[in-house]
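Here come two complexes built around chain A, the first alongside chain B, the second alongside chain C.
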Partner chain A sequence: MFKDLDPILHSQLRLAVISLLISLKEAEFTYIREETNATAGNLSVQINKLKEAGYIEVIKQFKDNYPQTICRITTAGFKAFEDYVKSLQTYLSVKK
Partner chain B sequence: MTEEKKLTEKESLEIITSMITRAKCAYDETGVSALMWGIIVVFCSLVTFFNDYLHWQWLNYVWLLTAAAVIPQVVIAIRERRRRRYKSYDSVTMSAIWISFGVGLLLFSYFAGLYNVPHAESVYLMFYGIPTFTTGMMTNFKPMTWGGIACWVICIISFYVHFPDTMLLTAIAAIIAWFIPGLMLRAKYLQLKKENV
Partner chain C sequence: MPEDNFSPEDSIQVIQSMIDKTKASVADNSFYFLLWGWLVFVACVSQFVLKVIVDSRWHPIVWSVNIIGIVLSIYHSVHEERKRRVRNYIDECLDYLWISIVVSYVLFGLAFARIGWENCYTFYMMLYGLGSFVTGRLLKVQPLVWGAIASWALAVVSTFTRFDINILLCAAAILFSYIIPGYLLRKKYREQH
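Our next item is the complex of A and B:
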């Protein structure tokens, strides 16, 4: 039987965020917003969902007197992404 | 990018590929460090070469410039770190490689000074090749990969050449390994900056 695709990751923006963070050690919110072409509000909501699932870590700090939000993928996030890709491969190989 | 859209498996795979590619292309080196070190090493090598004819005592200390250049290098590194809005695994590894190179060079200079190591210039050239080649390979920036290889080829040649001609070889290596790639990186960076305005 097929394993269900992780509903947290199986969403356009959340998957884009995780896919971007998987290759980087950390990234600022503004950088993620530019790379995903998302609106700040939408991105903020999706980042919160990823954070609540324990897939990313969000660090809020100040840089040159301006607030800065840094996102970093967690070990659970890496694992979830790996599982998601494996499930995806299973689906795609059966569909061929 | 909107959240509500229902994804197919194929679309998921496309998103993953596209975002990973974007992150891989995120290397945005300004070229300032490569240019600075290229100029300094070429300058010091040529001064040492001509001083073999001039015999001006104080010019023997010209290589101290490389030690002094560590200060602007640290300032550049801090400024670039503040400017960057992401940190890649590659950039962390490269920083570690260049720091190791700097420490290795410093230790070797100390021992070379103490024990008058023969063919020290060749050993320096071998050192220059290591981080240059690695950086080129990691960032897929071919001029630097070739620059690193050029350092090793020139290192072999330098074994058969005597001082002060080895200084001319060092200058050539610095031009190929750092100055030219630095110019190219700078031009690319300025072009990208212009496009993003």
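Our next item is the complex of A and C:
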């Protein structure tokens, strides 16, 4: 039976962020922005949504006197991504 | 792409393209291979010349180049750390691997200072092989793996040969396991960026 796709992850930019972080230990906001080709404003909103869902943690700190935002996937984020991929697999196999 | 039209097929594409992008995020490690490769190579050849050809008892002094290597490595790693915007699991594994290898070099040095340096190159060549093999497998750089195997083979050969010859075997081991793969690693990194 086809499971509903997690609405938090079933969004292009949020899925792109989680897919980047899944194979990284951590990444700076600027790196994520460049790799996803998103605008800083939009990315900031989507990162907050992921943070509120508990899928990522966001660390704000200073590096060489400049503010730095670091994102890291959480255990809940890993689990949600895994479930999302399983749902996709189910959907694609049903479609075949 | 509007979110309403974001299909499961699009999801797969996004996941694939993002995972592909992170593959290129591994830090450039060639600096350390080339720095230490050339330092050790020059030190080995110089030691051979001083000990065997010039017959100087001061031949171990060439290993003071280690100080240059340590200073440059610390400077480079601090500089790179400031620039680093992303950290992946491979980088972290490599950091732990090379920290443990550096500790082993230091401990070997202390041990050989007590028990004698006669067989030191055999053990150093084994360590060159270890670092290159694990790095090669993690970064999928086959020349590092072949260099490691060559280094281990030379370590075995060195158990049958004299100290003087072992100096040259060590130079060959570092050439195969650090210098040649180091240039190929740099080339691969530059092609990806």
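General observations
By our rule, the second predicted complex is superposed on the first by the 96 of 96 C-alpha atoms of A that agree within 3 Å, B and C clash if a C-alpha of one lies under 4 Å from a C-alpha of the other, contacts with A are read in each partner's own complex, and residues count from 1 in each chain.
Methods note: contacts are C-beta pairs under 8 Å (C-beta built on N, C-alpha and C of every residue); 3 or more make two chains touch, one makes a residue touch a chain.
As the structure is a computational prediction, the values presented were derived from the model and not from experiment.
In the superposition on chain A, A:61 contacts neither chain B nor chain C.
In the superposed model, A:42 lies in contact with chain B only, and not with chain C.
Between chain B and chain C, B contacts the larger number of chain A residues. Once chain A of one complex is fitted onto chain A of the other, the partner contacts of A:22 extend to both chain B and chain C.
Contact with both chain B and chain C is seen for A:91 once the two complexes are overlaid on the shared chain. Within the superposed three-chain model, A:11 lies in touch with chain B and with chain C [touch as defined at top].
Applying the stated contact rule after C-alpha superposition, one finds that A:30 touches each of chain B and chain C.
In the superposition on chain A, no contact is made by A:75 with either chain B or chain C.
Residue overlap on chain A between the chain B contacts of one complex and the chain C contacts of the other covers 5, 10-12, 15-16, 19-20, 22-28, 30-31, 35-36, 63-64, 84-85, 88, 91-92. Note for the complex: chain A touches chain C at residues 5, 10-12, 15-16, 19-20, 22-28, 30-31, 35-36, 63-64, 84-85, 88, 91-92. Within the complex formed with chain B, the residues of chain A that make contact are 5, 10-16, 19-20, 22-28, 30-31, 35-38, 42, 45-46, 63-64, 84-85, 88, 91-92, 95. Within the complex formed with chain A, the chain C residues making contact are 1, 3, 6, 8-12, 14-15, 17-19, 21-22, 25, 82, 85-89, 91-92.
The residues of chain B lying in touch with chain A in their complex are 1-3, 5, 7, 9-13, 15-16, 18-20, 22-24, 26, 82, 85-89, 91-92.
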